[in-house]
Amino acid sequence: MIYTYLGPAGTFTEAALMQVPGVDAAERVPSTSVNTALEKVRSGAADFAMVPIENSVEGGVSATLDAIATGESLQIVREVLVPITFVLVARDGIDSLEQVHTVSTHGHAYAQTRHWCEANLPGHDFLPASSTAAGALGLLDPENHYDAAICAPLVAEQNSLNILRRGIEDTAGAVTRFVLVSKPGRIPVPTGNDKTTVVVPLPDDHPGALMDLLDQFAARGVNLSRIESRPTGEALGSYFFSVDAEGHITEARMADALAGLHRISPGVRFLGSYPSVGRSPNATASVARHNTDEAFAEAAAWVARLKAHLG
Amino acid sequence: MIYTYLGPAGTFTEAALMQVPGVDAAERVPSTSVNTALEKVRSGAADFAMVPIENSVEGGVSATLDAIATGESLQIVREVLVPITFVLVARDGIDSLEQVHTVSTHGHAYAQTRHWCEANLPGHDFLPASSTAAGALGLLDPENHYDAAICAPLVAEQNSLNILRRGIEDTAGAVTRFVLVSKPGRIPVPTGNDKTTVVVPLPDDHPGALMDLLDQFAARGVNLSRIESRPTGEALGSYFFSVDAEGHITEARMADALAGLHRISPGVRFLGSYPSVGRSPNATASVARHNTDEAFAEAAAWVARLKAHLG
Amino acid sequence: MIYTYLGPAGTFTEAALMQVPGVDAAERVPSTSVNTALEKVRSGAADFAMVPIENSVEGGVSATLDAIATGESLQIVREVLVPITFVLVARDGIDSLEQVHTVSTHGHAYAQTRHWCEANLPGHDFLPASSTAAGALGLLDPENHYDAAICAPLVAEQNSLNILRRGIEDTAGAVTRFVLVSKPGRIPVPTGNDKTTVVVPLPDDHPGALMDLLDQFAARGVNLSRIESRPTGEALGSYFFSVDAEGHITEARMADALAGLHRISPGVRFLGSYPSVGRSPNATASVARHNTDEAFAEAAAWVARLKAHLG
Amino acid sequence: MIYTYLGPAGTFTEAALMQVPGVDAAERVPSTSVNTALEKVRSGAADFAMVPIENSVEGGVSATLDAIATGESLQIVREVLVPITFVLVARDGIDSLEQVHTVSTHGHAYAQTRHWCEANLPGHDFLPASSTAAGALGLLDPENHYDAAICAPLVAEQNSLNILRRGIEDTAGAVTRFVLVSKPGRIPVPTGNDKTTVVVPLPDDHPGALMDLLDQFAARGVNLSRIESRPTGEALGSYFFSVDAEGHITEARMADALAGLHRISPGVRFLGSYPSVGRSPNATASVARHNTDEAFAEAAAWVARLKAHLG
């Protein structure tokens, strides 16, 4: 088995990958972008790709949302949550904040630590890096002229970097959600606390088009835990929606909602049903009677009996 | 074949029955009430019963709506429209309106001619009859003391009664709709312009319970041509709804709407799919693409393909 | 003060009228029909009319629903519930059921006692009467040839009639709801447990027209305790709806729902806000926060503040 | 008047600002971030800030959506559309693509030209810059070691840079939408083709919470031209929505929709009504009769008349 992930090594994505059972015995290959990671799965160069999809502070990860929504179909088989916490690492010889004048990191990491930086590193300059790990490892390169970097604890520990401060994120408790992606194939069996991800183009923009889509879920008591709008790239106001719905395609209310989506927006793309991490308040147990598998089965049987009598 | 109908002979119901192809060669038996007519079908004493269900002036015919909604299941196999027009017939020897002091007829017929009567028979007395035909034929009985009766043209012609005035109905163009009822069995094949009748108990009275029912039709583009609320008889505010929806149970959007109704209100009763009389502006031809049989079939096939890959 | 009611004396309607405080000191005038009673109010010949509007067994009273929906505006100022129970009264000299061969009563009363009659008076004939009281009082007239009548206890007691059986109604616990009607004028002050009655023409028959109307209530958490469809008389399928909604026009959610109705169906007619009889499970106390008067007031104030800054 | 904008000079944002009438005579101050630009307006250091809000390829601009949604209130007074097209500029002496080995630009610009770069600059390295202008101007600094930069035509022309290729964007026709922001104050007068922007926290996550919000617009025929979900930063699945709705707060259907939003989600923030750029297919002219100002005014007047009669 070959796993790829959004690299380089030492980022939060590798931390997410390490949570997958059995992955430590498998081959792990970093990719330079989400697109590259997913293309490796499509081409067969990798069996699975771990990529970030949603951050509790920054929101949906556009690169992933877009890459998974188009091109050859892929399937989400697992989700992983990783708490996001940052450390400030410095070039050797620097041991106080006063000595830090230039900081490098990825733009997203800088966005999540900016208030801390402004308060604790007054007048500092920011140098964007292509990843938090690249920024951190760049400190080992004497050609670079910046003093410090902001990165995940993992890369600091893997490389024994000089950690000046821990926990410098502006928002405590931030979490990033990652998904493990494969070619379409086996759908994980339902656990009673599952999630289904779909991508739905908005059919047209009459008032209420989005409501018609959402109603496919709401009318069957299916709760949504995430909804992201993304531009199709064709024009301002042309959207698709990336949606996580609570439930599994083997549950009748979800299958019926998906069928309804397909009628209204035939370009809908199913991205998988897989176990939810974390107990949902709206898991299967609390489904209203008329949205249970039994209610759907009885209703279908009733209609079938009636239709059997066609003259 | 034995046909029964709401009698006596000569009423609008017999006129409706005479429109059924082949009925002139069959046995025709009047019944004294809608209930009696339907019970003859349930017991096998008759194959079909013709009963009124809706009047364009008076509204739904409660006796029929209630009798068909409870008890052993029955099925509507045909609808018939009969224009409602009334004649004033008089006892022999009476040849002007001035001589008419007392008028007998059924309360419904009187309600539909009351303005004419008040304008043309000032100071008249009204004597209720058990049917328009009974009132008319009573004129032949010397024991009765009323001068005139209001009835359907059919009974006047069948019995060569003395017609004083024709077309005395207050509302020109009134129509009554009759249905031909049999035991459940063969559903008439779809014609592309059909109607489906159901009876649905309102599940409970939270705000919007009725909307949840109606949404089963609206969300699938199924138009309603009639909706009647009727009390269940249990308490004020406890209702069932009698609904005519445009379409046939063999059409996917209708079958799906019925299944949705059954989930929400498992006591729903299917009363038949049968050809509509009169061209509907909302017939099958104008169904939106996403509510066509093709859209439903494609959606179901798509979901089935996805589910085939369960791990 | 002059009160009229659907007569004759001794019917359930008079029983309803007697519940109105102060009515025993007022003039009480029976009318021969609902229409006549309402016309007396319109012309000023009476100040108030008591008429039946809804029966827990028979459903809406069409004559009232129609008469109040058209013509010069009227207003409901009070509702009264009367339990419906019937007695069998007989001609003097008849003291057993075996002696009863012909029974007279109003068609509605016969419909509510038919099963008892069929079980206890086998082979009896039914003679329709213009009212239960007329049928009962007819027993005092030697010219009539029927043996017994079915009527309200009130008329039997008022006239010391010979009561053979009490409580012969097929459905125990039946209730009829009556409304006291005046010219439009003072709306009764809100009590916290009120009802608002409106008549709404269905604007046209696209799929969902009725839902658009109902949504005006549902979207504001206003529960409906009664909904009746009535034909406009123009064509099959042309309807208006008579609706009782829980709440008072002085409550913001109701006023807002009424305004919404008016936009969609400008022919909507307000028939009054008045105290509910019987404790409703959906009374004002259980209104969701966002549908309270406070929420409406805050929202209106917020929008007004924003609009105050128009450049 | 002082205008600030997301700098540095020469970016698309400055190009947007130059479209504002009268701005060439005003003071124009670049800001280093969206946050900084908006804070200048809040503090009074600038009267207006021009910031990007939506890109037809990349989607909503998170920094702007978030900065405008929280903190002291701001108001959008104008929108500006700028076509997005990129040029490849090179260090002096480089005159063919073969000589380009390292390219610097902002990550967003690189994302929008990546396919062109991969096809035309095989094996190139990418060096992230803090802005497209910074990357381009860096070519003038001999200390930098990259060969080329990707930037807006404006900065290339302002600085007479060496343009190797024009129009290298992967998606032709891309457009970015910018908004001009001020302190809350005068709302621009309606033009008949306006847009209203609001930020709405999702009240809770019961099935359909988002539908309840959207229904406030749909039920009044208000079309949405943009909807973005953004995390509140509190937890995964905790969202607010940034919405552009077609219409002006002075139009009754919009004011009513806003009031409805406020009831359901009292934390709603109004960000302005301002003229739409580009003719919308859903502009005021096509509003259904029951959603016009007249319909709202008539409905309000009707309810007010009714309430005037409270007893």
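Read from first to last, the chains carry the letters A, B, C and D; within each, the first residue is number 1.
The working rule: a residue touches a chain if its C-beta (ideal position, glycine included) is under 8 Å from a C-beta of that chain, and two chains touch if they have at least 3 such contacts.
Values in this document were obtained by computation on a predicted structure and should not be read as measured data.
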| item | value |
| --- | --- |
| Same vs different contact residues, subunit B with subunit C, by half of numbers used | same |
| Euclidean distance of C-alpha centroids - subunit C vs subunit D, Å | 58 |
| Centre-to-centre distance between subunit D and subunit B (centres being mean Cα positions), rounded to whole Å | 59 |
| Distance between chain centroids, defined by C-alpha means - subunit B, subunit C (Å) | 24 |
| Per-residue multi-chain contacts in subunit B, two or more chains | 215 |
| Chain-level touch network, classified as line, ring, star, complete or other | ring |
| Touch relationships between chains, expressed as pairs | A-B, A-D, B-C, C-D |
| Interface residues, subunit A side, partner subunit B - complex | 184-189, 215, 219, 249-250, 255, 258-260, 262-264, 266, 270, 290-291, 295-296, 298-300, 302-303, 306-307, 309-311 |
| Of subunit B, residues touching subunit C in the complex | 54-60, 62-63, 81, 107, 111, 126, 128-130, 171, 173-175, 177, 205-208, 210-211, 214-215, 217-218, 221-231, 233-239, 281-282 |
